[in-house]
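Pasting in a structure now, in structure tokens, and then I'll have a few things to ask.
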Amino acid sequence: MDKPLRVDLEMFEGPLDLLLFLIKRDELNIYDIPIAKITRDFLVYVGMAKELKLHSAGDFVLMAATLMKIKARMLLPQDPDGDEEIEDPRTELINMLLEYKRYKEAAVTFEELERSERPHYYHIPAPWTAEEEDQTAILEDVKLYDIMLTFQYLLKNYEEPLTHHVAVEEVTLSEQAGYLSSLLQTKGKISFLNLLERFESRLIVVVTFLAILEMLRSRQVKVKQSKLFDDLLISRGAEFGNR
Amino acid sequence: MGIADLKQIVEALLIASPEPLTDARFRACLKDEATNIPLADIISELETDYTKSRRAFEIKKVASGFQIVTKSEFEPYIKGLFSKAGKLRLSQAALETLAIVSYRQPVTKNDIEAIRGVSSDSSLRTLLDRKLLEIRGRDEGPGRALLYRTSTEFLQYFGLNTVKDLPKLREVEDILSEEQDELL
Amino acid sequence: MGIADLKQIVEALLIASPEPLTDARFRACLKDEATNIPLADIISELETDYTKSRRAFEIKKVASGFQIVTKSEFEPYIKGLFSKAGKLRLSQAALETLAIVSYRQPVTKNDIEAIRGVSSDSSLRTLLDRKLLEIRGRDEGPGRALLYRTSTEFLQYFGLNTVKDLPKLREVEDILSEEQDELL
């Protein structure tokens, strides 16, 4: 390390912010980032994060992995024939950095606007009480978020009596496997996300997911996913129906 | 500090205060520039100004302090601000009822009251009047109670296509349970 | 109806309205006594009055309407009305999130996190709590994720008339050429 690290990781909004800092500090060319060096410096900071109780630490670790992957790809020999232009492994990262920088700059503008608006206080009118409004507190204006919060709040207070009426749900792996089989029998394919919407409790979701894994192992089902974190498409496997 | 300056300060406080201005609060805002003039005296000076310049508002003394209100003669116009076409303004009771119907529909009055723990007739009426709810069919159960659900207007207001587009409880929890991210 | 009367009505509406008074809302309040005089003209008459009579407040054009705000010089006193030394400022994370939503709206949480490269639950929650953002519908894509957009309160908070008033986002090319200049 060429420069003392007297900077706290908590200063950074995330891994991209840290990378922008390192680039600026070392006056690096953003189009030609020395990936080995920046990965090394980055890792030092992430090492510090382990001691810090930083709740975005996971995002820093993920970026560290990305940097190491890019570094490895840069070491691969180029196509010897040279008939196909190989994309610089850093391109995606550069684009991310530049895009983030645009909004980081915009955030500064917002901060300035906030500061200039600070001394002004809006007039807050006394609550309007029209004759037909007998109700107590009139909410200024209702957003969907208020509806969510209210329902969540009501549900929290209501949970106690509810458990008295409803017996504890007992759901077993084989029940859920049977349920999946019957669905696949009629439908052929099931979307995992749609499937989840049928279940009210986390427990059932977890058990169902385990059932899918189990059926996948015994090749009763196949699962396809187009990209990471995308919906799972469940269909019949080679051993479907043979238990 | 002269009364002219104090008048301006009191006016600013009246305009910005979310609740009626009390003598104690007024003094707390003044800090170093303390004065012996009672708030009521400054208020009465301001009132004279407002009458002279034919302002549309006046200062009202309520139990807890002073606040600026519009003169009653303008009420017919002000009503228009709060008419149905405007923003959604609901009481806490109506909001609770609306929240239950949104997430549990179709639902009977009994179901709603079981969750809220209080009678919900008047909030149901308000919500029906404002066309946020509608009655659709009857319960299959023995009482054949009326079933309530949200209206198309409700969906439009929140920019939703169908009831299914409401934030799911799972999503609600995601948003509400930040901070609990695991630490490294 | 003369402009003197209209001035009074507009003033009453400004004082009573919990949100910026728009031309449309003003006309809805007038009902039978329609007028052709634009709201902006009446407002500017009122502004002259307020300046002349040294009122502690002024009229601000914000969120496509008009609203009464206190003059900035009274901030030191008004601060005392609120427990936490004046208004709470937004964190850097919240400002970044807000910047992304305002330029990209409607936008999903994933879109925001993809740009910031960091989980944004907690800033989203802050912004929803402060009503600067609102949830509006769902994405058409496979995940049907919730969509976020800025609210009227957002415009008020930053003193903007419309989202179009936002300064243009800098182009990537501009950022790049600046970077190159710095290296030389």
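First chain written, first letter: the chains are A, B and C, and each begins at residue 1.
Please note the rule applied: a residue touches a chain if its C-beta (ideal position, glycine included) is under 8 Å from a C-beta of that chain, and two chains touch if they have at least 3 such contacts.
The structure displayed is predicted, hence computed values, not measured ones.
Of all chains present, the one whose mean CA position sits nearest the global mean of protein CA atoms is C.
When each chain is reduced to the average of its Cα atoms, A sits farthest from subunit B.
If you average the CA atoms of subunit A and of subunit C, the two centres end up 29 Å from each other.
Subunit B and subunit C have CA centres that are 19 Å apart. Put simply, the C-alpha centre of subunit A and that of subunit B have 34 angstrom between them. Chain contacts: subunit A has residues 55-56, 58, 121-124, 128, 140-141, 144, 148 touching two or more partner chains. The multi-chain contact residues of subunit C, meaning those touching 2 or more other chains, are 15-17, 19, 57, 68, 70-71, 74, 78, 119, 122, 128, 135-136.
On subunit C, the positions that touch subunit B within their shared complex are 8-9, 11-13, 15-17, 19, 25, 28-31, 49, 53-57, 68, 70-71, 74, 76-81, 119, 121-122, 124-125, 128, 135-138, 144, 146.
Touching subunit A in their complex are the following residues of subunit B: 12, 15-18, 20, 60, 67-69, 78-79, 81-82, 87-96, 98-100, 102-103, 114-116, 122-123, 126, 158, 160, 166-169, 172-173, 175-176, 179, 181-184.
Looking at the complex, you find that subunit A touches subunit C at residues 13-17, 27, 29-31, 55-56, 58-59, 63, 96, 98-107, 109-111, 113-114, 116-125, 128, 140-141, 143-145, 148, 193, 230-231.
If you check the complex, the residues on subunit A that touch subunit B are 49-50, 53-58, 61, 121-124, 126, 128, 130, 133-142, 144, 146-152, 154-155, 158, 161, 197.
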